[in-house]
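Listed below are the structures to be examined.
Okay, so chain A shows up in both of these, paired with chain B first and chain C after.
Right after this comes the complex of A and B.
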C-alpha cells in the first residue's frame, strides 16, 4: 500500500505540474480569502477594531486562510461526478486498490504541488509584513498542522460521501455545492466565527465545517485555550467517524448501481 | 482461489442485467416536460446468457451494437452487479471484487484507456507495478518483453496525449498486461487502429496466449480480428446467445453455400453460367458462383467438363457476410 501511495502521489504531482497556466490559476485562486480580508480591513479603517479584531488579526487570519483554502478544500465530488458520467471510474474499480485511496492520492498530490508554492510565499510575507504575526510555539504549530490535516481528512470524507449519491442521481456536484455554500458561511471562510452572531458561532463549534478553516486558523492566531483545542479535535474526530461510516455505507450500496457507461 | 483440473476459467449461468434508462424526445419542450414527468424504460442488456470458457481458450464474442457484449464483459469484470444469474471467473464471483480476483484478469476497452493523459506511459506502468505489487525483476522482464512485442520503445517518454491512437492502444495493452493476467477481456481492442497497428495487436495477442496460456474473450466488429484469434465464437443479440461454437460450423449453418470462382479460356454468357449456380459476379473471363454446399463437388466437376475452365477454386463465404446473415435472420 505504501508503494502504491508513493507511485500514485508521484504521478499526481506530475499531473499537477503538467500545465504551467493551470498551476498559476490554482495558486491565484488562493487569493479568494484575501478579497474578504480587503472588506474587513476597510471596515476596521472606518469604524476601528471590530469585536476586538484589529488590522493585524484580519491580515493574519486571511493570509492563513489563503493557505488553508488549498489545504483543506476537497473537489473530489466533482471529479467523481465526471468519472461516473464518463465511465472513467471503471479503471479505478478494475484495480486491486480501493478507489478511495486512488482518489485520496489525487487530492494529496495536487495539494503538495500548490502548497510547495504557497507555503514559502506565506513565510516570505510573514517576514515582510509586520502586521502578519503568528505567535506560536513549535508545539502550537504542530497542533495547527494537525488541525489542518484533520480538516483535510474530514473534507475529503464529506466530499466522497456526497459523491456516492451520484450512484443514484448520476450527478452529486450541485448538492455538494449547496453543502459547501452553507459550509463557507459556518466554517469561518466568509468571516471569522468570532464576529458571527453568538448563536451561529456556537452552532459552528459543533458542525463539521469549522474544521476546514476557522479551527486551524484560530489555533494559528493563538486564540484558543487548551480545552477549546481539545474540544475542537473531539468534534472533528466525531465527524470523521460519522462521514467515514456514511461513506462506507454509500459506497457498499451505491457501487452495485454503477452503470459503467461510456464503453 | 485456484481452478481444479477440468474446471472452466469462466462460467456464466443465466446471467441477466437490466438497466432502467431515462427516455425523452429531442427538443426544448420535451426537456422541460421531462423535468416534471420522467419516463423510464427497462433495457434488457443481457437477458439470460449462459456459456463457459476453458482455461487457455480464445473466444470471439460477436454481436451488433447494443447486443449485450460489453455489458457481459463488464459483469465478468465485476464492474456491473448482475440483476440475476451467476458468473464466476477463475472461481471468483466478479462483483465481490476480491483483490486476488482483480489481480488475475484485465479488461481492455478499445475506446478508452487508463493511461495518465499528461504523463508519459511509463508513469502509468510504474503506478500499475506498485498497485499490483509486481516485484522489480518480474516488472523489468515483463515490461521489456511488452515493449519489444508492441514496439513501444520510442513512445515511452512521450506524454500520452501526444501519442497516436495506435500508439496509445499499444501502451494501453502493455499497461493492462504488466501483471500477467490469466484472463483477458478485450472489448474492441483494435477499434480505430490502422491496418498495421491492428495486425500488430492481433499478432501480440496470439503470442501472449501461446506463451502464457491466458484465456481470452474478445469482442470486435472487425471479422479479421475474430478469424485470426478465435476458433470458437459466441454470437449474442438482444441480450441472448444465438450461437456458441466453432466459427466454421457457424459459417456452414448460416450460409449453406460455397463460392466457386472460375477463370475461363473464352467468354461464356450469363445464362449459361446461371445453370451452375447463382452468379455473384462476372467480369471478362472470371466469374463467381454461389453454389449449394452439398452440390459443390458435383457442380465443380460439371464446370470442368462442360465449360472451357482454366482455373477453379472453392471458397467459404466471407465471414462478414455470414455474420450479417445471422443478425438479419434474428
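Right after this comes the complex of A and C.
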C-alpha cells in the first residue's frame, strides 16, 4: 500500500511538473483575492481601519488566502465527472486499488507542485513588503500547517462526495459549484469573517467551509485563542468524519449503478 | 461582407443546434449565471458595511460596473474563449495550415469560427444588473448619456477583441501556449470593480497599459452622467488603433509562421 502510494504520488507530481506552464498561467490569472484586497485597501485609506483591520492585516490575509486557495481547493468533482463520461472510470476500477486512492494521490501531486511554486513566492514577498508579516512562533506555524492540512483533507472529501452524485446525474460539477459558492461567504474567501455580518460569522464557526480558509488564516494572523483553535480543530474533525461516511455511502450505492459509457 | 454574415450564421447556427441537444445543461447554466450574479452583488456589499462610498463609488454605482463586467465577461466566454482555447490545437495539429487555404480572411476564421452558449444568460443578466443599479441610485439617464454608453461599450468590446487577437498571435509564435485564454480572463476579471478602486501602479496599468478601464468603468461613467466628449473621443481612438495594430500583428505573425511540420 505504501509502495503503491509512493509510486502514484511520484507519477502525479511528475504530471503536475509537466503542466507547470499551464499551472503558472492559471495561478497568475486568478486575480480575485488581489482585487478584493485592493478594494479593502481603498476602504481603509478612506475611512480608516475597518473593525480594527489595518492595511497590513488585509495584505497578510489575502496573500495567505491566495496560497491556501491554490493549495486546498479540489477540482476532483470535475475530474471524476470527466472520467465517468469518457469511461476512464472503468480503467480505474480495474486496478487492484480503490479509485479513492488514485484520485487522492492525483490531488496531492498537483497541490504539491502548486505549493512548491507559491510558497517561495510568498516568502520572497514577506521579505520585500514590510506590511506583509506573520508574527508566529514555530509552534504557531505547525498549528497553522496542521489546520491547512485538515482543511485540505476535508475539501477533498467534500469534492469526492459530490463527485459520487455523478453516478446519478451529469450535474455533479454544477452542484459542487453551488456548494462552493455559498461556502465562499462562510469560509472567509469573500471577506475576512470578522468583517462579515455577525449571523454569517457565527454560522461559519460550525460549518465546514471555514476550515480550509478562514481558520488557518486566523491562526496565521494570530487572532485566535488556544480554546478557539481547539474548537476549530474539533469542527474540522467532525466534518471530516461526516463526509468520509457520506462519501463511502455514495460510493457503495453509486458504483453499483455504474455501467460505463454505452452500458 | 455579405459572405461573412452568411458564414457566421452557418457557424453559429451549427453550434447552437449542438448545444441545444443538452437541454438540462442549457437551463442549468442559465441558473448558475443568475447564482453567480447574486453572489458577486452580495459579496461586494461587504465593503459597504464600513463606508457609504469608496473612492466616490456607492454600492449602486458599483453594481452598474459589475453588471457591465458580467455582460463583457459573458461575451468573452461566448465568442473569445471558445476560439482562443482551440488555437493551441490548431497549431499543434496543423489545422491552421488548412484554415489558411480557405478563401476568406484567416483573422475571421480564428476569431469567430466557434461560439459557446454556456453563458448565454450572462450578458442579459449583466445589463439587468446595470438597470437595477441605475434605478437603485435614482439615476436619470439622459439621451447623451445613453449614446455615450453605446459608443464606449462598443469601444470596450473592440478593445477586448483586439487583446484576444494579440494573444492569438502569441499562440502562433509559441506552440506551448495552452492556457492563453486564462490571460484574457484575468484581464477582464480586473474590470469587475471600477478602476478608481485600485491604487497607484495597478490603477495606472489598468488604465494605460491594459485598458481595462475602457471595458467597464468608462461605459458605466457615461450612464452615470460623468463622461466627457473628449474621453469618448480618446476611447474611440484607442479602440480603432488597437484594432488596426492587432490585425497588422496577425498578418505579421502569419508571415513568420512556417507550418505545423516545419
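In this section, the second predicted complex is superposed on the first by the 253 of 263 C-alpha atoms of A that agree within 3 Å, B and C clash if a C-alpha of one lies under 4 Å from a C-alpha of the other, contacts with A are read in each partner's own complex, and residues count from 1 in each chain.
Just so we're on the same page, a contact is a pair of C-beta atoms (placed from the backbone, for glycine too) under 8 Å apart; a residue touches a chain by one contact, two chains touch by 3 or more.
Note that the structure is predicted; figures quoted are calculated from it, not measured.
In the superposition on chain A, A:14 makes contact with chain B only, not with chain C.
Contacts of A:3 after superposition: chain B is touched, whereas chain C is not reached. Of the two partner chains placed by the overlay, only chain B lies in contact with A:259; chain C stays clear of it.
Touch criterion met: A:197 reaches chain C, while chain B stays clear of it. In the superposition on chain A, A:94 makes contact with chain B only, not with chain C.
Taken together, the chain C residues at the contact with chain A in this complex read 24-25, 28, 32, 35-36, 39, 42-43, 46-47, 49-51, 54-55, 176, 178-180, 182-183, 185-186, 189-190, 192-193, 197-199, 202.
Here chain B touches chain A in the complex through residues 19, 70, 74, 77-81, 95, 97, 99-100, 102-103, 106-107, 109, 111-112, 114, 116, 118-119, 123-124, 126-133, 159, 187, going by the rule given at the top.
Those residues of chain A that touch chain C in the complex are listed here as 21-22, 25-26, 28-32, 35, 38-43, 45-47, 50-51, 170-171, 174, 177-178, 181, 184-185, 190-191, 195-197. Contact residues on chain A toward chain B in their complex (touch as defined above): 3-4, 6-8, 10-11, 14-15, 18-19, 87-88, 90-91, 93-97, 255-260, 262-263.
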